[in-house]
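Heads up, the next two complexes both have chain A, just with different partners, chain B and then chain C.
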Partner chain A sequence: MSKPKVATTSLAGCFGCHMSLLDIDERILQLIELIDFDKSPIDDIKEFTGRCLVGLVEGGCANEENVRVLQDFRKHCDILISVGDCATMGGLPAMRNTIPLRECLEEAYLNGPSVYNPSGKIPNDEEIPLLLNKVYPCHEVVKIDYHLPGCPPSADTIWQALTALLGDKPVGMPYELIKYD
Partner chain B sequence: MSNDLSAAVKEICLQHNNDRIYLMDILRKVQVDHGSVSDEAIDAIADAVSIPRVEVESTATFYAFLSKEKKGKIVIRLCNDIIDRLAGVDVVAKAFKEELGVDFGETTADGLITLEYTPCIGMSDQAPAALVNDEVITYLSSDKAREIVRTLKKTGDPKKLVSRLGDGNNASPLVNSMVHNNIRKKGDVIFADYPDGAGLKKALTMSPVEVINEVTNARLRGRGGAGFPAGMKWQFTRAAEDPEKYIICNADEGEPGTFKDRVLLTDYPERLFEGMTIAGYAIGAQQGILYLRAEYAYLSNLLENVLAKKRKDGVLGKAILGKKAFDFDIRIQFGAGAYVCGEETALISSCEGSRGDPKNRPPFPAQKGFMGHPTCVNNVETYVAVVRLIDMGAAWFTSIGSKGSSGTKLLSISGDCHAPGVYEYPFGITIKQLLQDVGAEDAKAVQIGGPSGQMIGKEDFNRTICYDDLATGGSVMIFGADRNILEVADYFMEFFIEESCGYCTPCRVGNVLLKGYLERVMNGQAEEADLEVMKSLARTVKTTSRCGLGQTSPNPILTTLAKFYPEYTKLLKTSKDGFKPSFNIQEVLQESQSITGRKSVHFS
Partner chain C sequence: MADNFTFIIDGTEIPARQGQTILKAADEAGIYIPRLCNKDGLEPYGACRVCTVLVNGRPQSACTQPAQPGIIVENDTEELTEMRKQLIEMLFVEGNHFCMFCEKSGNCELQALGYRLGIAAPRFPFMFPQRELDATHPEVFVDRNRCILCGRCVRASRDQDGKNVFQFTGRGIKKRISVNATSRLADTELKSADKAVAACPVGSILKKGVGYAVPIGERIYDHKPIGSDIESKAK
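Moving on to the complex of A and B:
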């Protein structure tokens, strides 16, 4: 029987959650005994090659490409997990949610005190994905099965969740893994 | 100019002995005289009363009837509570807007009239209604609204708006109001025909402990809604060591759809003050405070007059009825438009001149209440019931009502019925009977106990009003067959969001989220899973808020989910691909597309 497949992605995140995943250190050898990675920055596969058991999503949705990728994950994954605070709540990027989009862009490219922009233009190449009016946590866009909070969730937390899911066992999270102060 | 303001404000402070305890009265007076409590006025008050500026500002900015921005000389506060909405407040609002040429929240250019919305003003039996300064205008229509504006523009005097007078004391020159009592059914306790003074006379022949025992044996429970045994509360307050004790009457009747206290304050104030005096005697208090909501300011002359007469008659003041050791007097403390002040600890904060923030319990007010002294807070109806109870005795009292709930209950009945008004029923009356009496047999739903209570449907109409079944502070709102239940729940959530004091995050934020989910359902964008999220969020708000407001605020959603589930499910969407129906990609890209001038690559 072939190994179950896991896909991962970072949407509007900082890749910190992926770093945390790599922090499982030598256990990654155990992990690849259990699973194959499909679409993921870890193996640099760009598009889904087939159905996956688990999708790990880091980051919320800030632009149209994030939405497309997230919907793609929902289509291909049986179980979708929001990993980290940006995916579960919008996180740091969502700080722009109280400010109108145009104002955000003007502050970033025209008015900010450290801006050097002789062209006086806001970048608008067609290669740049359109921004959404706000940053949305993943569960506002598609159905999310599990949430792993933390900024980032520790390697042990991710390990615990993944191995429980793969072993079809209830996720036992010791207090230390879900304590954040 | 500014020196004038400062001097005038300091004069107001001086009239109140520069005493912090009267901060609410000072602020109200400043608001009325100067149209606002400006930063300058706040400075002057802090200076005169010798308290930190931030204390004055935090109180001044908490209450709806106080404002930093300058209001017009006349403020029209149109009640937009659910019953008024059902009665057609929209057309009235439109007429006001057109005739004044300003929107809600704005003031006319000449600074004469400010137009505002306000939650329930206790007139649901004569909706739509509005307050024009202190005057109450009832049974509004679009024509009347236009006429009101014209009269105000011509005369500048809200008193000129009162055309025909109401019944009972409403017609008294001291009140001079068009409000109607609408007493539809008199029972044996509250509205019974008996002479004033008999209860107090009898109480003074008993020892204070005997009075408390009588109240305990009568199994009298608080009529405000929570239903705490009055005798027990009195006993705790009496037992507290501090000799300085207070009696407070909660007349902050803010639960939407309640107006029975209004009627008691209008036509039975003698009985109320008599009941408070009996409580003062039993507990050993020297001072009583009537905490009156600002919406009932039109009753203040009448109430002051009754108090003055009682002092003259020797039933208030020193050595009451010749009883040497018994001194007791009552003063009126006005609120300033805050629902949460109906919660007893918030009410005490407000009496102390602070923001109406609820306090942590324990210590309970019976141990440490007003200014840290033992305080007994009861509802208007509770004190009135005490008078009759003492006069007739506990055995008589327990013979009325049902097994666990003795006596009668006043119900304020409004909404889709033929005869809205105040009804006095013995506990144990069925909803079915009640609906028959008010002419609402075809009702689809009944909201018992106001927004914080519960909504029930036809299958529950055989249930009874009593503490063990359907407990209520008195609000009964009836909704007819064609009413949208979710719209009602949505309004109630809006009300709680507005009235939350903001201290506890679950209440401040959770209710906004709950309303968002409810709107999602109403817009046909919700899935079944969203209902589960709502339930779990509602439970969080209920269990993690510290006062009754937060603990009951999700009830409109929880009780309609429980009793009217099909109303929700018929609007649900199912999503086959796992994409949320509430997420509309075109909508959230619109702003970006207009800024960049290009279309989406992925979603076109």
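Moving on to the complex of A and C:
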């Protein structure tokens, strides 16, 4: 029987949650006995090759590409997990949510004290994904099955969730594994 | 009426004295009723409703409701836990609670209740409101992004410090914690040692120059859920 597949991605995140996944240390050898990675920065597979059991999503949705990738994950994964505070509540990128988007862009490209931008233009190439008006947590865009908060969630938290799901057991978390920081 | 009597919480008979609230009597008996706006030494306020229990089948806030002989109180039930979860989730989505960089994280009562109740993510849409920060005072700042309107600073400043530094302004969703008489914290007599500063359950009123003083793993709620101290008193 082929191993179940796990896909991972980082949307509007910092890859810290992926670092935390790698922080399971030598247990990654056990993990690789249990699963194959599909689309993921860990093996650098860019597109889904088939159906996945679990999708781990780091980061919230800050732009239209994030939304497309997230929808693609929902389409291909049986169980979709929001990993980290950005995915569950927007996280640091959501600090811009109280400031109008135009003001954010003007500060970044025109008015900021350290800006050097002789063109005086805000980048608007069609290759650059359009920013959303706000940063959205993943569950406000697609259905999310489990949330693992934390910045990042500890390696033990991710390990516990993954092994429970792969073993078809309930994802019960001890008190010390659910933290918001 | 007798001065000493008993009543029932979740099937257990507990002692109480005349004039005690349900919450106080439960605390002394080692039964934890979750609460946010209540704090020992401050007048009960009944604002947050997290301590809501069923008294003879009717919802009442345990921090303001006097204990009565023979009443039947329900506290640790699935229905009430679900209601408390929803209240905490609403507080999370109504403000801007960025635990990852908050100095209060690990010692925050709102966060601790989220942990204790097992909230992984709020089910309600985040509002990301615009809130003001007052950093004019040399020793203390007020970040209204994190304020949950519990009124503990209002009561502590009025009743314990005798200064009336804080008050509420506005109604409903526009309700805010304000600084009396003037709009700037720097123009008040507030000192960092005031009870009002220590009374804040969240990271809304914080001392400057402290930062992340206690390392992760050694903070109040890192290993033990909020209420453990009360529950350890149980016989």
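FYI, the second predicted complex is superposed on the first by the 178 of 181 C-alpha atoms of A that agree within 3 Å, B and C clash if a C-alpha of one lies under 4 Å from a C-alpha of the other, contacts with A are read in each partner's own complex, and residues count from 1 in each chain.
One rule holds for everything that comes next: contacts are C-beta pairs under 8 Å (C-beta built on N, C-alpha and C of every residue); 3 or more make two chains touch, one makes a residue touch a chain.
Every value quoted in this text rests on a predicted model; they were computed, and no experiment measured them.
Superposition of the two complexes onto chain A shows a clash between chain B and chain C. Residue contacts after overlaying the shared chain place A:94 against chain C, while chain B stays out of touching range.
Once the two complexes are laid over each other on the shared chain, residue contacts for A:65 go to chain B alone; chain C is not touched. In the overlay built on the shared chain, the residue A:108 is in contact with neither chain B nor chain C. Shared-chain residue A:45: touches no atom of chain B or chain C.
By the touch criterion defined above, A:129 reaches chain B but does not reach chain C. Contacts of A:137 after superposition on the shared chain: chain C is touched, whereas chain B is not. Once the two complexes are laid over each other on the shared chain, residue contacts for A:178 go to chain C alone; chain B is not touched. In the superposition on chain A, contact of A:35 is made with neither chain B nor chain C. Looking at the shared chain after the overlay, A:75 reaches chain B, while chain C stays out of its contact range. In the superposition on chain A, the residues of chain A contacting both chain B and chain C are 134, 139-140. Interface of chain A with chain C (complex): residues 82, 85, 88-92, 94-95, 97-98, 134, 137, 139-140, 144, 146-149, 151, 173, 175-176, 178-181. Partner chain A is touched in their complex by these residues of chain C: 92, 96-102, 105-106, 111, 114-116, 118, 120-122, 125-126, 128-131, 216, 222-225.
In the complex of the two chains, the chain A residues touching chain B come out as 64-65, 67-68, 71, 74-75, 80, 100-102, 105, 122, 124, 126, 129-134, 136, 139-143.
The touching residues of chain B, when paired with chain A in their complex, are 529, 575, 577-580, 582-583, 585, 588-593, 595-598, 600-603.
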